[in-house]
Amino acid sequence: MNPQAPTQSKRPLNVLQKATNKQVCVRLKNEIEYKGKMANVDPYMNVILVDAEETENGSKVANYGKVVIRGNNVLYVKIEDRL
Amino acid sequence: MNPQAPTQSKRPLNVLQKATNKQVCVRLKNEIEYKGKMANVDPYMNVILVDAEETENGSKVANYGKVVIRGNNVLYVKIEDRL
Amino acid sequence: MNPQAPTQSKRPLNVLQKATNKQVCVRLKNEIEYKGKMANVDPYMNVILVDAEETENGSKVANYGKVVIRGNNVLYVKIEDRL
Amino acid sequence: MNPQAPTQSKRPLNVLQKATNKQVCVRLKNEIEYKGKMANVDPYMNVILVDAEETENGSKVANYGKVVIRGNNVLYVKIEDRL
Amino acid sequence: MNPQAPTQSKRPLNVLQKATNKQVCVRLKNEIEYKGKMANVDPYMNVILVDAEETENGSKVANYGKVVIRGNNVLYVKIEDRL
Amino acid sequence: MNPQAPTQSKRPLNVLQKATNKQVCVRLKNEIEYKGKMANVDPYMNVILVDAEETENGSKVANYGKVVIRGNNVLYVKIEDRL
Amino acid sequence: MNPQAPTQSKRPLNVLQKATNKQVCVRLKNEIEYKGKMANVDPYMNVILVDAEETENGSKVANYGKVVIRGNNVLYVKIEDRL
């Protein structure tokens, strides 16, 4: 395998797509985090989270049944190993 | 069903479109929230809310019969289960 | 009528276009509001207001015979029912 | 005439173009204002002002023989009736 | 001549191009100014200044033999009459 | 070799691609740094880091098994020589 | 030669390209500066610096063997005459 020619399937946006239905933690530019199941994501990083909770500085602030986060606010998406 | 190949209809912008006429809560980047019936939304996340109320830190600030929110200000759209 | 398939004419930018010549309140990202007759608007949300007044925190600051607001500054456009 | 179908010539950018050589007041996002004759403007709202003066909080700060303002900084262009 | 139909050559970006090799003052969004000979400029307002000086609040801060300013930082370009 | 005509393969985004699987330090605009193995990167500078740690002002803040950083937040990517 | 018709090769992005392998000082919007050899640059002003040092308010903060700076953060690139 040649690390200089990664296959298209390993590109960041494809890896995100493959994490559909996994637990993720989305941190936004305003420092707030949302943890939940990533029901879907698109190439702009618009994300649908279900059964999500919002945390600020580690403490839970609110719960969300279903929320669509606009991609331009996203700082990162952390993919949790546990399902 | 293959979670790695979600159908197009489950993409974030399509899910938003399907929530037309549902109650939503739109939070903007400036932390202000608008709750009301989402009369319509487009792919840029421009949103029309009717019978909306603006809340800041949980207290109602103003009422809106019909308001068009410019999409680039949107942090997220929370879809309420209740109609 | 199927709410999942709204007609094109109800999209946010079209609804704004139809509000031409109505009284509107345009709030900008810097919190300042402009109220007046919306003589025109384009898809970028560039807005022409005539006989407008600028208010900040509810008190009138200035009057404008004719002003063109650059769309990227717009937070929302509230459409007034009264003409 | 149908207000729901404004002619193209009344669109915001066209109205601005027609105000060429008129006195305008350009307010920027940083709150500073520039008053002068608008020698030209393009669809991005890049503006050429001649014989302009810069004012901040109402007091004159500087004079400009000819200045090209980059459009993305523009908050609004107020078109003065007087020539 | 019809002021409502300015020729293409008078558009803001063309006027800037014609000011090549003239003395200009470029003010950036961060309030810092750069004065020097504008060796070149492109439609994005990327500017090359030579023999430039940087001033902040009117006092000289630094000298630049040749500097390329990224256009998106530009607030305005003031074209000096003197050469 | 002509330094004025660098080959395409030495362009910044290509150099980044070639650093796939190397240790990198990604600094974001909010001053936070993420160090880890860059599993992949795309032309927008969206980055996948694995076995990453977040540091702020030099002290470790958190660990990340796998994180996708949205490119528009990136200030720079420092490529570590050591593997 | 007509200064009103500069050749394409003198455009800002071309001049930057020609400065490949020269010493440059890149100042970012956050006021931090990076000095080093510009190994490459692309039209977005993404820059590769090698043997670079970071300075803040004139004092050295860190050293970088090889760093890729994302173009949108760049305020200017100063091209040093000395090699």
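In order of appearance the chains are A, B, C, D, E, F and G, and numbering begins at 1 in each one.
By definition in this document, a contact is a pair of C-beta atoms (placed from the backbone, for glycine too) under 8 Å apart; a residue touches a chain by one contact, two chains touch by 3 or more.
Bear in mind that the values here come from a model prediction, so they are computed numbers and not experimental data.
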{"item": "Minimal step count in the chain contact network, chain F to chain G", "value": "1"}
{"item": "Between chain B and chain D, centroid-to-centroid distance (C-alpha), Å", "value": "34"}
{"item": "Centroid spacing, where centroids are CA-atom means, of chain C and chain G in whole angstrom", "value": "42"}
{"item": "Shared-contact residues (touching 2 or more other chains) in chain F", "value": "72"}
{"item": "Circular arrangement of chains, read from chain A onward through chain B", "value": "A, B, C, D, E, G, F"}
{"item": "Touching residues (chain side chain A, partner chain B) in the complex", "value": "17-18, 20-21, 28, 30, 39-42, 46-48, 64-70, 72-73"}
{"item": "Chain C-touching residues of chain D, taken from the complex the two chains share", "value": "3-4, 6, 10-13, 15-16, 29, 45, 71-72, 74-81"}
